[in-house]
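Here come two complexes built around chain A, the first alongside chain B, the second alongside chain C.
Up next, the complex of A and B:
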């Protein structure tokens, strides 16, 4: 016997009528058009010109076709920056925020009382403070001469930001963003029926087996959402600039910083626009990858 | 196959709530045992303590003579069926049944064989490839049972096994469970709040109230001779008549009637003592004619129960309930008499049954 299939969803009857509905939606559409669609199209346009911030090309930009794009794809600095960004995403978004956030949520899931509130409070604080404030705090923490970390570790004179700029930025971003994953997974774990976890316990399952059989299948959708959001946010994150300014020697120049430097620092707006489009495409690839890997498998 | 012995089990929750107070309980090998009580009485906590899902604050749990108090649930060799069945929705029935074996890293072949074996004995063989979402409530319950059986545990624990089934299925499942338990002869403890379920299924039962066991016995013992007023009022689909009275020699005055002392209490009470007279509606002989040693009064209400009717008699301001057979129902407002069976009536003094021990 085949399982009964649900009838196709009925389409709602139009109470308003087409015109009325359009009138209600119009203001929102106008806002979207002005602030999202137009800039996006403008960026596409800039990407095929040699538009610059200053000089002749600023007054009379010239159409250059795919020149900017071939330039970007052949640019060693771009390759370097893309590689740094992937490390940044892999280290801070996936290994850091997601794994650490889930671990915290899992460990704290049925704790109550002061420990849980303290951890949640601290983690949330990192999430709600303004980026500029946090960046300043981290510079103070990592400073070579008067930094807190050197005082704690007893390693005076270690220039963390100069010696390990990318690692610093990764740790910083993990610290800052873990709260989101923790809260999302905390809520997701609340959806796993206690009896499922107890069934696993009764069978003698290890933590890993419990996660695999009882927890993960239940929170697959949450994992997808969290990974997607966190990865894309991290990929496009500009806050590290506030700590290292991309340096030293471009060693922490992730793509968002690279765009900023070429477009606004060097004034090559056309080139920057081309990088932006390439970034969007990379984002798209990441998103599609996750969707493919984690999409709910339909029962055959 | 193993017996189960609990000694001095105490469970305190933070905040000073005592869920279980120094409980002692022994369940014999192969017995079908019921834990019965109102919600919040600690029966589920007790079951979970046996499973190891809760840790007792004090006391020991022994399964087959071995002390398992400190063992984690996975090493106690118990199988449990949860109230919501807790089937994994993403696994097929076969995978669900074989889950305990998968955790133990048994091979695919062995898991399949075990799943088919157990499924066969529960009439699930045609459903093995389905998912829990495609099964009826009764089928889901049997899958949960099969999963608990797959690892061949020493003790089965069932938490409210029938409460998620609709009324018709519940009766079917009751018969099914009792037969299955009888065939498997595995020590089984189940929790229920429904006294009818406990009476129908259990070999023996414990009635709990507020973290304590108030009576342990066979369903017949508990039904006929409730050890105290709590059990007396909790057991029975029609509540027992419990009426204050005064002993006067070999007789007792209750609700305006003078009745002979119940057989069980003869010689154990002194004249002038204040007691509670208890008799089940089933053990009252109703009559439309005046009789000696009977509650007398006007019929206030007649409730049809199907094969019989529950007559409420207004006897000197006290409500007395009596069961009347089909076709013999009186009219409301008529005068009626109800004679208790002396060998089934009971006396309670300070809440406890007066009985020769």
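Up next, the complex of A and C:
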């Protein structure tokens, strides 16, 4: 009876004229323009100056052209950080969260009861608790002298965060973010007709064959969406800073931490802005892929 | 039961046990240490006490920081809802050329200009606008980042409500603002609640922006102040950190339970930043 979709233009403008609509949208757009769009454009300008936090360059920044950009792209620390970021995103988001999240959604798909609720509750808890609390819990877990992990494994004195800093933040991020993939794949598996799974079972297909032939073709869109989203979030995650602060010796200094150290730690804002632009461009590539995947999934 | 079924069951049980251990292990400390008479960094069965909670009152910043967190979260949520609701309504009801492109662009911008990627220009902008060390500055920056997604969610809600009541109100002489307040808001209230709760959840846990923009520890929210809890000897003040972590986490868990009980857990893919 009632139209469930966007009403046609004539009826809509009877309630709110074009001028009224502009007045309704303007306040939000102003705030977005000042605090979201302007910073992004300003990054372009800052990147071609020698802006610094203190000193002469803070008062009167000088135009330096593409110097910062060539500096960033030729910088060994930047390459190192980019490589760490690639391992961090690839290991924790693309491999870890996706595989573990899918495995959980798959084994729990037709179960109910306390076991399922307990698993889902714990995985979700890891996702919703504040990052600062979680960071401290992991510092405590991995502590060299009295950490619970060393107590359990019987390896007192192993300094996990000093010996394997990158591996630690990767495992940490798998733990932190698996909930999203689990829920998304849980919802996606609901779209696979049970009869297809039954047919596969009767035909004697192995789990792997069932997944490949009956399940994956139906959830391909979800897989793509989830991969792009978790990559985007992991790429922009600042929480590893709270656990290792990029150390020791820059060995877990992913881009998010690297940009913080150069720009606000060392005060080289122009150089930091150039790194920022690189990060925004990476985000742009991932986000465009995501929006495209969404469009293809929504036929309307 | 065939051997294959048995194998399957054992494999399932082993997998679930491993997953439970992996996810429960870091959380044990949060459950045990706040109530342990002599909390150490190792999770253990506590020698039960509530005495640790007094440490919260002894620290000058602990309670104040929770108040700051409430202030930042509530302020941002109010501003986001107040600005996103009229914008979403107008974009839902009036068809202007380029509307879909605008929405698409906004969503794109909000997902690429994250706090992490844009921390340099955001810091400088706050500096130039004299918003460093101002809680209002944090609220404005966070609002700008969350608004596009909020408008998007709310537009979905307004798209799904019929326009006939609004037209009736209009015929009887109500102004657009009156129509919005008395006719539209009651209908889209679940949407407003969703956006409000979502904003609070985003801001409550946020570390980077307050860390970047606030200098005075008296203004810092819970997420930042936690990392100042050390004793004179430079050791982490465990009774304080444990009780504070628990207190700081409880609202999120309570909110989650409330939302999932009341609405069922509706899955908004892509709305967690």
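Heads up, the rule we're going with is that the second predicted complex is superposed on the first by the 255 of 300 C-alpha atoms of A that agree within 3 Å, B and C clash if a C-alpha of one lies under 4 Å from a C-alpha of the other, contacts with A are read in each partner's own complex, and residues count from 1 in each chain.
What we mean here is this: a residue touches a chain if its C-beta (ideal position, glycine included) is under 8 Å from a C-beta of that chain, and two chains touch if they have at least 3 such contacts.
If you're wondering where the values come from, they're calculated on a predicted model, not measured in any experiment.
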Quiz prompt | Partner chain in contact with A:201 - chain B first, chain C second, else both or neither | solution = first
Quiz item: When the two structures are laid over each other on chain A, which of chain B and chain C touches more residues of chain A?
Solution: C
Practice problem: Identify the partner contact of A:193: answer first if only chain B is touched, second if only chain C is, both if each is, neither if none is. | Solution: first
Exercise. Considering only touches as defined above, state whether A:183 meets chain B (first), chain C (second), both or neither.
Key: second
Quiz item: Which partner does A:34 reach: the first (chain B), the second (chain C), both, or neither?
Solution: second
Quiz item: Regarding the shared-chain residue A:214, is it in contact with chain B (first), chain C (second), both, or neither?
Solution: first
Quiz item: Same chain A residues contacting chain B and chain C, which ones?
Solution: 3
Quiz item: In the complex formed with chain A, which residues of chain B make contact?
Solution: 51-53, 72-75, 78-80, 82-86, 88-91, 99-100, 102-104, 130-131, 134, 147, 151
Quiz prompt | Complex contacts: residues of chain A adjacent to chain B | solution = 3, 193, 195-196, 198-205, 209, 213-214, 217, 299
Practice problem: Give every residue of chain C touching chain A within the complex, in rising order. | Solution: 12, 15-16, 19-20, 22-30, 40-43, 83-84, 86-87, 89-96, 104, 106-125, 140-141, 143-145, 147-148, 151, 159-160, 162-164, 166-167, 169-170, 176, 179, 201, 204-205, 207-208, 212, 222-224, 226-227, 236, 241, 245, 248-249, 252-253, 256, 265, 267, 269-270, 272-273
Quiz prompt | Residue ranges of chain A touching chain C (in the complex, touch as defined) | solution = 2-9, 11-18, 20-22, 24-25, 27-29, 31-32, 34-40, 42-43, 46, 51, 100, 103-104, 107, 115, 118-119, 122-126, 128-134, 136-138, 140-141, 143, 145-149, 151-152, 175, 180, 183-184, 187, 225, 229, 232-233, 236-239, 242, 256, 259-260, 263-264, 269, 272-273, 276, 279-280, 283-284, 287-288, 290-291
